[in-house]
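See structure below.
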Amino acid sequence: MGSSFGDLFRISTFGESHGGGVGVILEGCPPRLAIDVDAIQAELDRRRPGQSKITTPRNEVDQVEILSGLVDNKTLGTPISMVVRNKDFRPNDYGEMQNIFRPSHADGTYHLKYGVQAASGGGRASARETIGRVAAGAIAKQLLRKVNQTEVLAWVKRIHTIEADVDPNSVQIKDIESNIVRCPDPKIAKLMVERIEEVSRDGDSCGGVIECIVRNPPAGLGMPVFDKLEADLAKALMSLPASKGFEIGSGFSGTFLKGSEHNDAFIPSGKGILRTATNNSGGIQGGISNGELIVLRVAFKPTATIRKDQKTVDSDGKERTLSAKGRHDPCVLPRAVPMVESMVALVLADHLLRQQGQCGLWQ
Amino acid sequence: MGSSFGDLFRISTFGESHGGGVGVILEGCPPRLAIDVDAIQAELDRRRPGQSKITTPRNEVDQVEILSGLVDNKTLGTPISMVVRNKDFRPNDYGEMQNIFRPSHADGTYHLKYGVQAASGGGRASARETIGRVAAGAIAKQLLRKVNQTEVLAWVKRIHTIEADVDPNSVQIKDIESNIVRCPDPKIAKLMVERIEEVSRDGDSCGGVIECIVRNPPAGLGMPVFDKLEADLAKALMSLPASKGFEIGSGFSGTFLKGSEHNDAFIPSGKGILRTATNNSGGIQGGISNGELIVLRVAFKPTATIRKDQKTVDSDGKERTLSAKGRHDPCVLPRAVPMVESMVALVLADHLLRQQGQCGLWQ
Amino acid sequence: MGSSFGDLFRISTFGESHGGGVGVILEGCPPRLAIDVDAIQAELDRRRPGQSKITTPRNEVDQVEILSGLVDNKTLGTPISMVVRNKDFRPNDYGEMQNIFRPSHADGTYHLKYGVQAASGGGRASARETIGRVAAGAIAKQLLRKVNQTEVLAWVKRIHTIEADVDPNSVQIKDIESNIVRCPDPKIAKLMVERIEEVSRDGDSCGGVIECIVRNPPAGLGMPVFDKLEADLAKALMSLPASKGFEIGSGFSGTFLKGSEHNDAFIPSGKGILRTATNNSGGIQGGISNGELIVLRVAFKPTATIRKDQKTVDSDGKERTLSAKGRHDPCVLPRAVPMVESMVALVLADHLLRQQGQCGLWQ
Amino acid sequence: MGSSFGDLFRISTFGESHGGGVGVILEGCPPRLAIDVDAIQAELDRRRPGQSKITTPRNEVDQVEILSGLVDNKTLGTPISMVVRNKDFRPNDYGEMQNIFRPSHADGTYHLKYGVQAASGGGRASARETIGRVAAGAIAKQLLRKVNQTEVLAWVKRIHTIEADVDPNSVQIKDIESNIVRCPDPKIAKLMVERIEEVSRDGDSCGGVIECIVRNPPAGLGMPVFDKLEADLAKALMSLPASKGFEIGSGFSGTFLKGSEHNDAFIPSGKGILRTATNNSGGIQGGISNGELIVLRVAFKPTATIRKDQKTVDSDGKERTLSAKGRHDPCVLPRAVPMVESMVALVLADHLLRQQGQCGLWQ
């Protein structure tokens, strides 16, 4: 109910930006999967604040502690619980905002819904909540790699008005990680960094688009009707903070094509294998992966918390002017890259087990 | 698991385009809700094939039969089951396509996943499956109207390259239903109809964008983290056949704004009420409805089944040329309007009960 | 939420004793399972009223119609929906009971919960609801038989004070079906029939105990902690109308033993196989099947609806005397045998798929 | 999937007897509930090992740490996570048992299922897992008390062959807690303690029966068909380690009565209130609470781990003789009392929210 995701490969996250810490329970992971714990930490390091000059200066090491579910670094098949302690937290930064609702932030609606609010820093709406997603996503990635050499890769495609042209077929993780904005085109990346620094200097913020692929996805994943693979991916990605739009394959731009232009012709490839000449489907047809590259895009709005003065109200409904202190990202996209990958990996791992459950008893 | 949707207000659909019929079980509807059965049938009539010259000539009356869950047209609180018999079904239309996979259709991936396929007509991927959604959605609408005078309205915003400019605040159902393409702008609607007829004459198809609003939505609906209201809406709409993209509020275009331009300033409105000066949030902040108009858009690709010759393969992986017979919509959007409304109404009804369950015990 | 059961092999039932009919949707059944439709009907015939002199004279053929999910009698992997029409329904039998609550029946609590009641005959509390369970259970049995030659068998162990001594290891379906009370001991069965006829003549009713085994259960089914196999079996069986108690293996009587007497010593049997010298565990240890015979028992109370006069109240809370008309079973146990088998088969099938999902990717 | 329980008031537990700790996430708790943290600790103290001479000498303080979900000791409505660190753990006690399966324990079946086992001490089958249940159950109790002055009370009714006669209507918590075996009859309690000490001296163990009531339960809780209140209670209690049987109300003994003897006559009590002259129903009719005292009983087998020599096998399937070291309870019942109460409270709290969700929108 709200803080859990997935059916068979299922995570439950907990924790606010204040309080003892944040974390995740991962249920349903297959037993005897060798876990690279360093790789989990590495993903958290990609997500952590304070990693570069274009992220929030809030500086947390975000050291993961695994409390259960492993023996000798192998999964037991029972719940894997991971906790990250909150450390560099400065409640005073939020003191004056306590009862003033930040425009386009969750402060107001949480108050409306629950009649109470976390002490500060956004509570469950804080980006710290995504630590649990990324830690579990790192395990999902390891499962996918083992089963089908599947790889999930995301990158920043656009920051504000600056867009990169990236070939999804050839892009590599090292290209993405070669710069702090996580755009595989280094020239465009430089412009993106400059744009973020510029809006940051102005006390403002900006958004953009992240693109994500799944390379070597198992074919046959996804269900007819409601749990179509693209539907579960859409939910996964629209659940990330600040996301405003989702596209699979040709997306919105594909609606300008006619059927004869948009359809992906099948290529003869042997019984039991599907290959297509084009990939407007984005690797999914009828809700089920066809084995081609899965391609999707997510829109992220500009960060809501900005330093510029804004008109707003407090919890009594009275007019106020807000000038946010705190330490906030002027642009969420660079840190959202591992979040996007994690959510995609979690959806794929879940559907892998679901497919195995229903269709794996006989060939 | 695939064919069920919702947590507390939950539907399970069944049925293929062939076979005895299609239908839905709706669980969790509050007791003693007066049901307007004619309104259910009216929504099915908006969805049914053969309703106009721009839809498939397959002509089915789609008469709903309610098997359980009501007494004297009031809900009992127990499952409401509704069935529509299949009637105007012509399996011969599909005979030659039986083992030839239609490009960008579900034929191939269903075969890949299950190793078996429905006799013809798309099985669960048939648009007939949406009958269950629309029947249950009609009940969700009646619940929402009773509780908060909530209204869910969708319309065709764009067909191929022809786009209408519609004011979400003032649009009325009668404007939408004033023409067969379901675009509230009558002049643009005429152009849209012509475009559909044109691609149809060419044996081709086209797609477009549907816009949907929720007027007078209850505030406080949606959950933090995974079950954000926009995340559940995204899943609901990306589960519709042919959908390729989803946006809430400012969506993809909002990513071209800066935070100071994008943020919706709060307006003083009294304790416990939130109002915003603008609505880039599309009525949802932090995953929770703020009471403003909910606004979303869905991209639908051009219909995959076209009459033009296409390269493809058969179930043995051999090259084939397909020239589809059958009777298909050249454009799914006019009939998708009630489907979009239904999915949105189902998500809202579910979150209404979830909110009531967790937060309704005391004020 | 109430009318659905199972995680991966999942059923949703619908229907009241009045109205158009009752039925079930079965989701998640593996594809390409050959279905013996006659065997489904045969199980419904074991359950149906009017089958013998010791069951209710309400006489319904209960002919199952399969609306979806099969092609050429093979499963498609998509939802299988089955409907049975209500036919021999006589609402006048219930007219005078409409607002008088039958003692120990669901009439009163349904009214309390929902503020409304099905027209008559118990609504969802009617034994007709179990038609859906038995139809789906018949498919679960076919799946279990195919996968591991697994067999689920139940019989009447005790009627009122008359108890049979049955050897679970050797009992066969033909022994059980050799008489109308479904007790494999023919001499005891005769006494049981007489006892039922006796209480029936008196306008009274009686209860008893059903025993059930699973022969050749797959080992390794069940989950640690909450979804222990015996926990899910307990829920399944305590959800049957009139059940009041559940035992696995040694059950309540095992609590009179000491650990040294109760423990089942393991017998050397080769790596990866567990065999035990005794079976107080009833085939389940730590919530997981060990491969030995699963043995359980269910207590059923005497039927609540009796012809004898009873003190009660009506929906206004006023004192009334009730003398039930209608046509009711003086003892539910003979017809409950296929219900018990069905619920056990559904739990096993569900856990089979869950085990396959989590642990089937590699050996 | 295994480690989660409940629909709206939902817990997920984690942790093994080895490793960093054990704990629970509680999702769905209503916001603004004042939490008595000391009362949570007090329940854990009732459950903890080493509390008396008849429990395991393993001595752990089991100090609960609340990581999230509260502000100023009020619930936020977001997940409450609670962790207890493992401290007095002696892996050497288990060293020699590592590959030797304890008869009637989970060692063998876990190995069969997962092909791997927790380092020692039972992993998820350890009684330490129940810490999460008891911590969350303590919050469920506080919710129930606030809403309807509802009280959940359990006690030891029988140890081995020594049974107490307890009046469920008058028993008080102070009577139960007046002695270390938690039997409200002090004379019988003394005999029970002696029996436990006797079997313990012999290196053996014993079981018994716990009885539990719910006083002032809200009426109308529970759902028709599968999620009957007694069905969810049965699952909850049969999921506790060592439980072998469950009864509601008259249970197995009620099957010796005729309908006319067993039925609970309704007493005139005013519109919208149900009262019964007797309570063979145990407070639940048709799966729904009628407002009378809920009464149930659970059978617990003798502890599987005993010091006496036992025949068994190791993970290679070879014959072994086991003489367990470790520190184990000779009888689980005294410590199981708070576990039973917790599971009952969790079921009631969940159904309270479910009832509120479906039926709380209007009266």
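Chains here go by letter, A, B, C and D, matching the order in which they are written, and residues are numbered from 1 within each.
Here, a residue touches a chain if its C-beta (ideal position, glycine included) is under 8 Å from a C-beta of that chain, and two chains touch if they have at least 3 such contacts.
Each chain and its UniProt protein: A, B, C, D = Chorismate synthase.
On a predicted model such as this, the values are computed, not experimentally measured, just so you know.
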Co-neighbours of subunit C (Chorismate synthase) and subunit D (Chorismate synthase) resolve to A, B
Out of B-D and A-D, which chain pair has the most contact pairs?
A-D
Averaging each chain's C-alpha atoms to get its centre, pick out the one most distant from subunit B (Chorismate synthase).
D
Rounded to a whole Å, what is the gap between the Cα centroids of subunit B (Chorismate synthase) and subunit D (Chorismate synthase)?
45
Taking each chain's centre as the mean of its CA atoms, subunit A (Chorismate synthase) sits from subunit B (Chorismate synthase) at a distance in Å of 26
Could you give the separation in Å between the centres of subunit A (Chorismate synthase) and subunit D (Chorismate synthase), each centre being the mean of its C-alpha atoms?
38
I need the residues of subunit B (Chorismate synthase) touching at least two other chains; which ones are they?
1-4, 7-8, 13, 28, 31-32, 77-78, 113-115, 123-124, 224, 354, 358-359
Could you please specify the touching residues of subunit B (Chorismate synthase) with respect to subunit C (Chorismate synthase) in the complex?
1-4, 7-8, 10, 12-16, 19-23, 25, 27-28, 31-32, 65-71, 74-81, 83, 113-119, 123-124
Residues on subunit B (Chorismate synthase) engaged by subunit A (Chorismate synthase) in the complex (per definition of touch)
1-5, 7, 13, 101, 103-110, 112-115, 123-125, 129, 158, 160-161, 199, 204-209, 219-220, 222-228, 230-239, 243-252, 254-274, 276-277, 280-282, 284-291, 299-306, 308, 310-313, 315-319, 354-355, 358-359, 363
Provide the residue numbers of subunit C (Chorismate synthase) that touch subunit A (Chorismate synthase) in the complex, in ascending order.
7-8, 28-32, 77-78, 147, 224, 352-354, 356-362
